[in-house]
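Given below, in the form of structure tokens, are the structures.
Shared chain: chain A. Partners: chain B in the first complex, chain C in the second.
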Partner chain A sequence: MADIIFLVVAAIITFFTGTVIEKKHYRSIRRREKDMLNIPFLSTGKYDDIIPHCSSINIQKVDNEYASDLNSAELVKGSVVLGVDYFSTLLFALRNFFGGKVSVFERLTDRARREAILRMREDSKSADAILNMRLHTSEVGRNQVEVIAYGTAIYLNK
Partner chain B sequence: MAYKPTKFDDSVNAPSDHPLKEFASLLFYLSLIIAVFYIIIGFTIDLTVSHITPEQERKLLGLSGNKPNIIKKLSDPRTEKLQALLDSIPKESLPKGYGFSIHIMNEKEPNAFAVLGGKIFITTGLLDEIKTENGLVFIIGHELGHFANRDHLRSLGRGLVIAFTTMLLFGDESSITGFVSGLTFGIESQYSKTQEQMADYWGIKILEAKYGHVGGANEFFELNHKRTKSK
Partner chain C sequence: MILSNLEEIPNKKIVDHFGVVIGSSVRSKHAGRDMMAGVKNFFGGELKGYTELLNESREQSIERMTEQAAQAGANAIVNIRFATSAVAPGAAEVFVYGTAVLVE
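Our next item is the complex of A and B:
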């Protein structure tokens, strides 16, 4: 009986801590996304018309020289590992039995993706754009998710 | 084509379903399923148990490789005395079909159990507390009563089947399995009040069969009373 009480208490505590942590994280994500709204990031490599002040650069070499208005390019990345609270694992176990969408984990992966993208963009704050952005997800432990976002940051000649 | 800054919409990929509401409704359905199982299983077991003969019980025990008898016996000189006491109870008053044996278990908590296959376990804690022979005979009689009423099979059945079913449904590593089996084993390791009262009645019957009177039956109750009061 003692272990049942322990489990119930743990579930109640982690429900509250989990909710607070999630809300706090979302607040931080929204604020940072708003701050960085002006840095374009794209999943395509074609940026000709998309990036302001950059009429037609070709990423390919021309006569062993990079196109003139492209100053430099670098790989930028951001990764995050998020853990699941105990209450959510209980809810997941129940949901897994009945089937259906696992909302708690949907919110978790949403947070992880957006946090990874944010970290990638924070890695290159002075970049003019991030191109070819990709996302990868992997499972770290039993109840952790890792998301890595990476792309090519380009810096233009001003 | 102009670049348009990405605006994440919270409601698309992160649904705002309330986890507590979801948990409550899922738990409700699970409890409903378990309750139905419990009723059906309980009903089936009560029906089956009265048809299992002591002979079949021994066979089942043999088939299971004696797994239910994992309690560690203590070699104690008092075992022989207890066995002699058990053997001295008139045969015609014992539940039919069993070859009863008595064992001592090293445990401070005063307790006694009826285990599959006609084995009675008494803890050292209980032996230290019970001073009179009549008191011991009453306890033995009480456990014999559990055999006569097949309570030992009943208790084994329900908790086991429920734990087993949840294990099949959720896998043995799931936290739900731990939760449910902890809960059902907790309930099932104790007999119901009626079962205990019926067993007490047997204890008195055995006392009367051996001594022709029921003196000493109260020793066990007094011990229990003292213990509940001190708690």
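Our next item is the complex of A and C:
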């Protein structure tokens, strides 16, 4: 009986903490994404083709070479480990029985990816663009997900 | 040492290749961190201890890879890739690999 009471109380508490933490995180993600709207990040590494079409990068073609305007390149990365609350694991156990969409984990991976990308971009705020971005997701523990985002930040001659 | 995950270093010409260089590191979470992570995992949210742990591990992997490249006589590593895997419960392996090159 005590076990059942503990389970119910734990589920109720973690339902609230989980919801609050998630909402807070999403607010922070949206705000920071807005702040960095003007720095392009791309999953392609072909800077010669792409950069002339990025409106925020204003460079001139010199001797048919765009690359000559690139000053330096640097590896940037950002990572995060996120876990789900107890209530969500209960919900998942139920969902796993019946099958179907697991929105708890959809939101978890969405938050983790966006957070990792934001940290990668914050790793180098003065970069003019980030190229060849790659995302890598791995399970580090039960119901815990690690996402790493990495790419090459480029700096232009100004 | 210039690190990049592009296939070349922008604005620099690759003059020599030295092949693939690899760095890896396996870290175990210590009891304190594991307990804190357990509490965090109960309420939800980021597990900062693990994020830091994996970052430290990643830095060391990069260091090892860089050392290897320097020994070969390279001054840059291109096409870098990261991977993480759970090799045992409570331990995570982080490895990084790339191609060591000499640029002008």
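Keep in mind that, in the parts below, the second predicted complex is superposed on the first by the 138 of 158 C-alpha atoms of A that agree within 3 Å, B and C clash if a C-alpha of one lies under 4 Å from a C-alpha of the other, contacts with A are read in each partner's own complex, and residues count from 1 in each chain.
Rule of thumb we're sticking to: a contact is a pair of C-beta atoms (placed from the backbone, for glycine too) under 8 Å apart; a residue touches a chain by one contact, two chains touch by 3 or more.
Source: prediction; values computed, not measured.
Taken together through their common chain A, the two structures put chain B and chain C side by side without a clash. By the document's definition of touching, of the two partners only chain C reaches A:150; chain B does not. After overlaying the two complexes on the shared chain, residue contacts for A:106 are found with chain B alone; chain C is out of touch. When both complexes are overlaid on chain A, the residue A:131 reaches chain C alone and has no touch with chain B. Contacts of A:33 after superposition on the shared chain: chain B is touched, whereas chain C is not. Look at A:88: by the touch rule set out above, it reaches both chain B and chain C.
For the pair chain B and chain C, the least inter-chain C-alpha distance in the overlaid model is 13 Å.
The intersection of chain A residues touching chain B with those touching chain C, taken from the two complexes, comprises 88. The part of chain A that touches chain B in the complex is made up of residues 1, 3-4, 7, 15, 19, 26, 29-30, 33, 37-38, 40-42, 49-52, 87-91, 93-95, 97-98, 101, 103-104, 106-107, 109-111, 113-114. On the side of chain B, the complex with chain A involves touching residues 1-3, 5-8, 10, 13-15, 17, 19-20, 22-23, 26-27, 29-30, 169-170, 174-176, 178-179, 182-183, 186.
Touching chain A in their complex are the following residues of chain C: 2-7, 9-11, 37, 40-48, 50-51, 54-55, 58, 80-86, 89-90, 92. Per the touch definition, chain A reaches chain C in the complex via residues 10, 13-14, 17-18, 21-22, 25, 45, 47, 67-68, 70-75, 77, 79-86, 88, 115, 131-132, 134, 136, 138-141, 143-144, 146, 148, 150-152, 154.
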